[in-house]
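All remarks here apply to the structure that follows.
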Amino acid sequence: MSRRIVNNLATSVFILCAVIMTATLVYLLGYILTNGLSNVDWSFITSNSSSSMEGGGIKNQLWNSFYILIVTLIFSVPLGVLGGIYLAEYAKPSKLTNVIRTSVEVLSSLPSIVVGMFGLLVFVQYAGLGYSIIAGALALTVFNLPIIVRVTEDSIRSVPKKQKNASLALGITHWHTVKTVLVPAAFPGILTGILLSAGRIFGEAAALLFTAGLSTNNLQFDTWNPFNSDSPLNPFRSAETLSVHIWKVNSQGIMPDVDEIASGSAAVLIIFVLVFNVTARVIGNVIYNKITGSK
Amino acid sequence: MLKVQKKHAEKEYGESQTKEKTLDNSKMNQPEINSLLDLRNLSVYYGNHQAVKNVSMPIEKNKVTAFIGPSGCGKSTLLRTINRMNDQIPIAHYDGEINYDGVNILNQDIDVVALRKEVGMVFQEPNPFPKPIRKNITHALKFMGMNKLNMNEIVETSLQQAALWDEIKDRLDDSALSLSGGQQQRLCIARALALQPNVLLLDEPTSALDPISSAKVEDLVMELKQHYTIAIVTHNMEQAARISDNTAFLYNGDLIEFGNTSDLFTNPKEKRTEDYISGKFS
Amino acid sequence: MDNAQKTETNNHRLLKKNGSSSKRNESRGKVLVYSSAAIVIIATLAITIFLGYKGIRTFFVFDVNVWNFLTTTGWDGTENSGAFSFIFGSFAVTFLAALVAAPLGIGSAIFMTEIAKKWGQKVLQPVIEILVGIPSVVYGLIGVTVIVPLLRDNVGGLGFSLLAGMIVVGVMILPTITSISADAIKAIPQDIKDASYGLGATRWQTIYKVIIPAALPSLMTAIVLGMARAFGEALAVQMVIGNVKGLPESIIDQAATLTSIITLDMPHTTYGSVHNSLLWSLGLFLLIMSYVFIIIIRVVSSRRKV
């Protein structure tokens, strides 16, 4: 009898844990979206921010977030995919391989503020890039690289061995086999990983405080010369992203509508992060079905 | 272009063959055998485990040589050594020689990529690329830099050689995975033939197929031996008896008996061969 | 091969030739792949070396006493500054957060693997993935707008406190602990569980006596990974913890952590000053701790049975 009571009690506790976790998420999302979306309208998304007046928007911050995201991916995807190929296909069990695996582990467990400090020292100061899109993107590359390396290694390892054998037995070089057989077959997994990491980059703030900076010019969206300091495309200007904006407004904002701006920005941020997550899964599935021929 | 290359290769081959005869007396001992591949004291090791033990035998030109024996006897390992697919396994290493066209293909200096173009392989499980049928065949040709015009011709001839053309000529752009298992396996054979190899290695090519598909592949093998030298590993004794000219029986890594297929099956010299082919053990 | 044959076959078409297209193709691939791998190593080394250099410099150039720095409180940006209250704050937040997240996470993991597998897959899995994806500034913002006022009104104090940090960071590391724990429990062979049920054990007895002991090293790994994340978290903590430079006397007091003080002070210090240099030493401390966490994880998971 008591055995059954204990068992039922334990089961209820486990159910409670799961309920608490699910409720936390529902509450978080519900709070951010209901609270935030009421402050989001077209003019919020399309107007410049204001440092002291009411009614500032997030146009430039949103643009900066995407710009830094894209530059980061341009740096980190090729490097990370090649690093993953190394670990999956070229690494022999050796000391060197161990060093690389440990490096990936260290990079992936670094606190993002530490990555930001490193970026400040090396990219902003030593390399003379100043607070800039490019310094921010390089710092985020350090932060994103281990994720892409891991997801690539896993995806390539999960390609059936017989595909690789088929190609090698046809007198095709290992590298060409990697390029034309293994990477295409691993592509859905890699793409899913890249999109998930994009969500993380998009929301990252700590690593950007000291690298991309806390301020942004009022960008002229008709000036596309990347060397003009007000051009949205200029990679050498400082650029406050949406996540950094939320932090800055919250901790140093003096405008009267601080709460509205912060919660509106958070809602927009969360929506984009969710979009990255959902697209990652959808695209992953679609491509998977397409290449396995189950149409 | 490829055809020209091949003719050239054959010419070279003929020349080196004659040159070698003057150099290498061991070949003179078997003048009646026109062997394309010569295994001499071949041993294959995985780490400390010796999977193939000191095997010496010829693989004759334009004939089908079958390798039979119980699971784990080393027959697949032996086959995979002939195109150096065992190099995939880091702990694999070899002793002895496999002589092919005047070179020992186990030599460290052998370009395995070039070797595999001449010694094609078809695996136990059909392994087409998850791509359109046509691209399965052009995949390797493209890598070798062949132009598009020649490719279409080769797609057709190799599919015809593999007795698959009539079945699938209208859906060359469908995924290869939409084919049946037997069709997939013949596509894999066609894919290997497109490179105009000298040797085809077949590693239990019908064991994953139904009887009707198996029969088609067997017919195909008989057809192909006119132009190619074929080595086949099989579990199926009837299959070996039906399609091969020579048979090698391996047991525990040792070559127990090698000879003409009908002799070996009707009049085995070794007790173990007899026991195996009569089904006393498997 | 004897020599005669070697010369004979020197130019054989099957021998490797320098400059053959296939060899070029292989080398090109190797160069790309090996240099990317090298960049991964270089990045790690560079971070370690640069932070090490900048962090250690404080103790040589400015004659700051290491022991004094690690064990005393009082942070005024001079040579006599001590970082103990931040070190304490970081460890306090980390352990308190683990205290919240470990039972909840492992409990949820058991729910999704042993009690309701379908539910676990369909509901909890996506919940975990979305929770992982929420940016830390958003957690911080919710901390400031929801948790802090809630604590102020119901518990007392200003609301900005260790307690607020514990709750926010606890929620942040919850999905990490849950998903790794769930993987560990899934990896336990079914026959071990069946053996227990076969002996008439209830589900709780099986979980308690068989599943948890078998998965223990992996569960520990999950908790340590969560703690590593908590230790390095910056903005969410900084937004809710209050950032006072003294030691907190209770859990509802304001405090500061290594990350929060770096975040706050870095922009206000001049490059090359003592104050600035002290912050780099804090950064080095964070770096050393992430190595320590990796070592702990390796030690713990080397005892893994499943």
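Going in written order, the chains are labelled A, B and C, and every chain counts its residues from 1.
Everything below uses one rule, namely that contacts are C-beta pairs under 8 Å (C-beta built on N, C-alpha and C of every residue); 3 or more make two chains touch, one makes a residue touch a chain.
As the structure is a prediction and not an experimental result, all values here were calculated from the model.
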**OP:** Tell me which chains count as touching both chain A and chain B.
**Re:** C
Subject >> Most extensive contact between chains (C-beta pair count) >> reply: A-C
**OP:** Average the C-alpha coordinates of each chain, average all protein C-alpha coordinates together, and give the chain whose average is closest to the overall one.
**Re:** A
Subject >> Interchain centroid distance [CA atoms averaged], chain A/chain B, Å >> reply: 49
**OP:** Take the average of all CA coordinates in chain A, do the same for chain C, and state the distance between these two points in whole angstrom.
**Re:** 17
Subject >> Mean-CA-position distance for chain C and chain B (Å) >> reply: 53
**OP:** Please set out, as single numbers or ranges, the residues of chain A touching at least two other chains.
**Re:** 173, 176
Original post:
Tell me, which residues of chain C touch at least two other chains?
Top reply: 22
Subject >> Where chain B touches two or more other chains, by residue >> reply: 113-115, 118
Subject >> chain C partner contacts - residues on chain B that touch it in the complex >> reply: 9, 12, 16, 19-20, 23-24, 97, 100-105, 107, 109-111, 113-115, 118, 145
Original post:
Which residues, counting only chain C, touch chain B once they are in their complex?
Top reply: 1, 4-5, 8-9, 12-17, 20-23
Original post:
So in the complex, which bits of chain C are touching chain A?
Top reply: 22, 25-26, 28-30, 32-37, 39-41, 43-48, 50-51, 54, 103-105, 107-108, 110-112, 114-116, 119-120, 123-124, 127-131, 133-138, 140-142, 144-146, 171, 174-175, 178, 202-205, 207-208, 228, 231-235, 238-239, 259, 262-263, 266-267, 271, 280, 283, 286-287, 290-291, 293-294
Original post:
In their shared complex, at which residues does chain A touch chain B?
Top reply: 92-93, 160, 162-163, 165-173, 176, 180-181, 185, 291-293, 295
Original post:
Which part of chain A faces chain C closely enough to touch in the complex?
Top reply: 3-4, 6-7, 9-11, 13-18, 20-22, 24-25, 28-29, 31-32, 35, 78-80, 82-83, 85-87, 89-91, 99-100, 102-107, 109-115, 117-118, 120-122, 125, 142, 145-146, 149, 173-176, 178-179, 196, 199-200, 202-206, 209-210, 214, 243-244, 246-247, 250-251, 259, 262-263, 266, 269-270, 273-274, 276-277
